[in-house]
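Heads up, the next two complexes both have chain A, just with different partners, chain B and then chain C.
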Partner chain A sequence: MDIRAQVSMVFHLDKCIGCHTCSVACKNIWTDRKGTEYMWWNNVETKPGTGYPTLWEDQEKYKGGWEKKGGELRLKLQGRLGALTNIFFNPYLPTVDDYYEPWTYDYENLFTAPEGDDQPTARAISMITGKHMEIEAGPNWDDDYGGSPVYASNDPNLEALTDDEREQMSEIERVVFFYLPRICNHCLNPGCVAACPAGAIYKRGEDGIVLLSQEKCRAWRMCISGCPYKKTYFNWSTGKSEKCILCYPRLESGQAPACFHSCVGRIRYLGVLLYDADQIKNAASVPNRDLVEAHRSIIQDPFDPQIIAAAKANGIPDGMIDAAQKSPVYKFVKEWRLALPLHPEFRTMPMLFYVPPMLPVLAKIKDGKYDNADVASKSLAPLLSSLERARLPLQYMASLFSAGNDEVVAASYRKLIAVRIYMRHKTVGDISEEEALEALRAGGTTAEEVEAIYQLTAKPTMEERFVVPPLAREVAIEQTIDPFTRKREGGFGFRHAPQRGG
Partner chain B sequence: MFDIVLFAVFPYVAVIIAVVVGLYRYFNDRFTYSSLSSQFLENRILFFGTVPWHYGVIIILSAHLFAFLVPVLWGDLIADQTRLYIMELTGLSLALMSIVGITILIARRFRNVRAKAVMSFMDWVLLFALLTQVILGFWTALVYRWGSDWYLHTAVPWLYSLLLLNPEIQHVTALPWEVKFHMLGGFLLVLLFPFTRLVHIVTYPLTYLWRPIQVVIWNRRVAK
Partner chain C sequence: MALSRLRSIALASLVFAALLMAALFITVEAAPPNQSADEGATLFKEKCVGCHTIGSGKLVGPDLKGVTQRQEKAWLLSWIQAPDKMLAAGDPIATQLLKEYNNLPMPNLGLNETQVASLVAYLEGIDAGTIAAPVLPTAAAVPEGNSVIGKELFTGVNRFQNGGPPCMGCHSVGGLGALGGGALGPDLTTAFDKYGGAAGLVGFLNAPPTATMNAVWSRQPLTADEQANLMAFLQSATATERPVEALVPLTVLAIVGALILIVVAQLYWRKRLVSVRRAMVTRSRIS
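After this line comes the complex of A and B, so read on.
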């Protein structure tokens, strides 16, 4: 047993309103430099949709993540020798057009244009070439479907649906979407780390944050293909890959990452999970159906004395174990089994989990009211939430969150429905007790658990949402580096401006 | 006198600068120690340039190096006429492949606005230096036939004499000017090495063949 700690995340999709505040908070802090204009370490996608970069989920296109070949787990992108022979040209690299060409506007023209009969305009200028350009795509080009069904219909997850189901989705009464905010998953079996020929990407042992050394990166570009979530980005100006750093400077000073902190819907939870690193390979190798269960099984109970002893033996400080015990992520993922990993079939073991969004039910408006004539029971319950009447087929959610195993997603949903019906019964009272108890039974849950889920979902304090462990890096590095090394020397960072190219 | 400067002094100057500046740059500005890939900005034309260029030039360079390191073995190899023909023909084709490759790369940098936007002055210098060098090499192979043979009796002894710190320039001074330029061009590229993106040659990530596939870094290794 090799117990390690991982700063992990839960995004509660039911609460996401798609406002992009997280993306903007991140952009303002980390990616407003030359070469990073197109990068959104945090982005919010409309689902169904093709996402950012376009069709990132299509691993036949970009060869991200792992696959099982002859019983062995190997990178879809390359073998070791393949990496060295493809190094001059990576055939599976997304280009800037798969994201979008960043631009600004020629505002100066508004002031300097010569007097004439027409209004001067500010034309778009490429931030790469500095020349005028036609805007053909942009961040969130297909936000809220972008006014057209063509983006959504290319979503790779729709392959899991029947033709009938797909057709129904474009009916006007059934139109439905939800938001999927994405950051780096800080995986346990990261594809980017494994793909990097230079060995520049690494996982921090103490907290599991995946970082990319700017000094070791040699622009071989394999990480960009290797990450199935397309969460490493190429800085075309410095020739270095960059990625989400989980705001580790903020974490180290006890604050939540900027995207978490700024989240308007308060959908984000951050906490520590303890896991057994010896089991990673096995858990990542099980058949698709069992991936979610295997993922849950390597997460260990932070209250188990045996686990605590093993964690301490491994040098995990008490503060970290304490944070693991208070972790909201542990509750959502392991205790309540509500939160699921995104695309577990990529087999990178992502440590960002999603509580699936409650699916809107199918209903029509008649005389200004919900028409529920076709519902057998006259109760409100099936209208609040019903798996059978969900507008998005369960198979779609299973394709996103459980590698196609709809039982796993259904179990999560049944519990979420139980919470909704039981709390409606308690607070509004228009649902009978029998029905509420029936929902609890169907959800495989209890009144106490439902109350706890409700509490952490609807009314958590900031301290309950973000249980940031004391990372205490300044203490940790004392063993190997004098913390005053940089004092009165060059300060932090590089001695030269990180500037290259034309 | 001029020949001494070119063939006995310049090579040493080039190598010393390459090593000293190369090391200095590695330890003081490691951030820039790579090629600045533009594949992200333009990858359709790049394929037709970079692949023939790299594979062509790497194989040719290896042949140069191989013949220099084990001249006797190389001599045996080309002693047979058929093998000599094959060798010459392969060399010519690869040289042509490199010329086509680098020409495409240069044209791409001129014509594609995105690829052009990330070019630095030294990138242009390097591109044209490389183009000149492979054209001279190709010309030499084409016009002064059986270079795989006379290389062993001209450049190789000269290079060995340089290596032994006892330059014998008489092995090369009588050669035609194209050949001499090709030889000096080689050392010019050595000189350019630390100042350009050529440094990416020494960062070729061979260690990927054996390194552990996952990398975990601890501040302090925990005792297991």
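After this line comes the complex of A and C, so read on.
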């Protein structure tokens, strides 16, 4: 047993309103530099949709993540020989057009245009070439179903559906979408780390944050292909790759990452998980159906004295164990089994989990009215059986969150429905106790658990949402550098600015 | 009291040490140039005989007999020290000599002041009759060469006995192959005439005076036979330009080679990612 700590995340999709505040907060802090214009370490996608970069989920194109070959786990991108023959030309790189060409506007022209008959305009200017450009795509071009005949209908997850189901989705009263905010998943078995020929990417020991050394990076760009979530990006100005750093400077001073802190819908939770590193290989190698269960099984109970002893033996400080016991992520993922990993079939074991969205999926329109508005006036009982008739087929959610195993997604949904029905029974009182108890039974839950889920979902305090462990960075680094020296030198910005050829 | 005495002792020893060091440096600096004619003789064999004789007529450069009487000593010293600088400065004697000797400038031999002084002392000794003039190999002593063997040596088909690199690595000769030879050293098409025939070349090959050649050939010299064969080849290689016909197969070869490489690359990377978004949009618009 090799117990390690990981700062992990839960995004509650039912609460996401798709406002992109997280993306903007991140952009303003980290990617407003030259060469990073096109990067969105945090982005929000509309689902169904093709996302950013376009069709990132289609690994037949991008070759990200892992696959099982002859019983062994292998990078889908290439083996060692392939890495050698392709070292100077990685054939599976997205082009900037697949992300989007970043632009600004020629605002100057509004003030300096010569007098004429027409209003001067501010034309779009490429932030890469500096020339006028026609805008063809953006980082959230298909937001709210913009251009859906092209974008939404090409969503790779729709392949899991039957033709009938796909047909139904485009019916006017069934049309449905939800938002999917994405950051780096800080995986347990990261494809980017495995693909890097320079050994520049590493998973930080004390908190599991995956970082990319700006000094060791040699611009081979294999990480960009290796990551199935396309969350490492190449900075064309410095010639180094960059990625989400989970705002570790903020974490080290006890604050939540900027995207978490700024979230309007308060959908984001952050906390520590303890896991057994010895089991990673096995858990990443199980058949698709069992991936979610295997992923849950390597997360360890932070209250178990044996686990605590093993964690301490591994040098995990008491503060970290304490944070693990208070972790909202542990509750959502392991205790309540509500939150699910995004695309576990990529086998990188992502440590960002999603509570699947319920309302857009279940709310149905009947005779021009919301079905469950009608239902709520009498009884919520039909909600229990409506899962099979959901607007967005369950198979779609299974393709996103459980590698196609719809039982796992259904179990999560049943519990969410139970919370809804039980709390309605309790607070509004228009649902009978029998019905509420029936919902609890169907959801496999209890009244206490439902209360706890309700509390953490609807009314959590900031301290309950973000349990930031005391990251004793000074302790972690003192073997290699005097913490006071580090404190003096490590100011704002790069300690050694990355430069081409450096 | 004790402390101040200790301090004065320390100070005194420091001053002494400093003086000692200074004395050492001054001795080195003030040492008169070692004008050893013996050293001059050795240097002459190493550096000069490639182009000069003493009393056996001119080769690439002038016969040095009586040179110390023809030129002033100061001029000789600065000329041997840095002929390139004097030429660049437009020294009248140097310019005149250059014109006289086929516009072949004397290379900078990289000698230091002491060595130059030794050389001049040696030359003065010979002119004064106190030192015997050296006996140098002449063209007459070189056996008859075979230009075919010479060509094989030049191109590297056959290797040099002492392991030297083939000439073609750095030099080119007109009419030799479609691509010619290396471009690091000068083109040798007219070298035979330029160096005044076998007499000039044999000296050069025996002890190459230029820095690059010297570095390569002093440790792995050419044998007399090799020299003869090479000279025979250089004598026969008199085509001044690469024939135009040679450019046609060269161009064709280049195009065919490039095409083959492109096809191979296309095949090897046929599954590469070209465009995702644009391709998707185009496909959707068509259907």
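Quick note on the criterion: the second predicted complex is superposed on the first by the 457 of 502 C-alpha atoms of A that agree within 3 Å, B and C clash if a C-alpha of one lies under 4 Å from a C-alpha of the other, contacts with A are read in each partner's own complex, and residues count from 1 in each chain.
Here is the rule we go by: a contact is a pair of C-beta atoms (placed from the backbone, for glycine too) under 8 Å apart; a residue touches a chain by one contact, two chains touch by 3 or more.
Remember, predicted model here, so these are calculated numbers, not experimental data.
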Room on chain A for both chain B and chain C (clash or fit): clash
First (chain B), second (chain C), both or neither touched by A:Ala137: second
Chain A residues touched by each partner, larger count belonging to chain B or chain C: B
Touched partner set for A:Arg166, first chain B, second chain C, both or neither: neither
Chain B versus chain C as contact partner of A:Thr54, first or second or both or neither: second
Contacts of A:Arg174 with chain B and chain C, given as first, second, both or neither: neither
Partner chain(s) touched by A:Arg123 [first = chain B, second = chain C, both, neither]: neither
Contacts of A:Arg289 with chain B and chain C, given as first, second, both or neither: neither
Partner chain(s) touched by A:Asn154 [first = chain B, second = chain C, both, neither]: second
First, second, both or neither for A:Arg266, with chain B first and chain C second: neither
Partner chain(s) touched by A:Phe89 [first = chain B, second = chain C, both, neither]: both
Chain A residues contacted in one complex by chain B, in the other by chain C: 89, 91, 93-95
In the complex with chain B, residue positions of chain A that touch it: 2, 80-81, 83-84, 87-91, 93-96, 128-131, 189-190, 193-194, 196-199, 201-206, 214-221, 224, 234, 236-240, 314-315, 473, 476-477, 479-480, 494-496, 498, 500-502
Chain A partner contacts - residues on chain C that touch it in the complex: 269, 271-273, 275-278, 280-281, 284-285
Contact footprint of chain C on chain A as seen in their complex: 50, 53-55, 58, 61-62, 89, 91-95, 97-98, 136-137, 149-150, 153-154
Touching residues (chain side chain B, partner chain A) in the complex: 28-43, 46-47, 50-51, 53-55, 113-114, 116-120, 123, 200, 203-209, 211, 213-220, 222-224
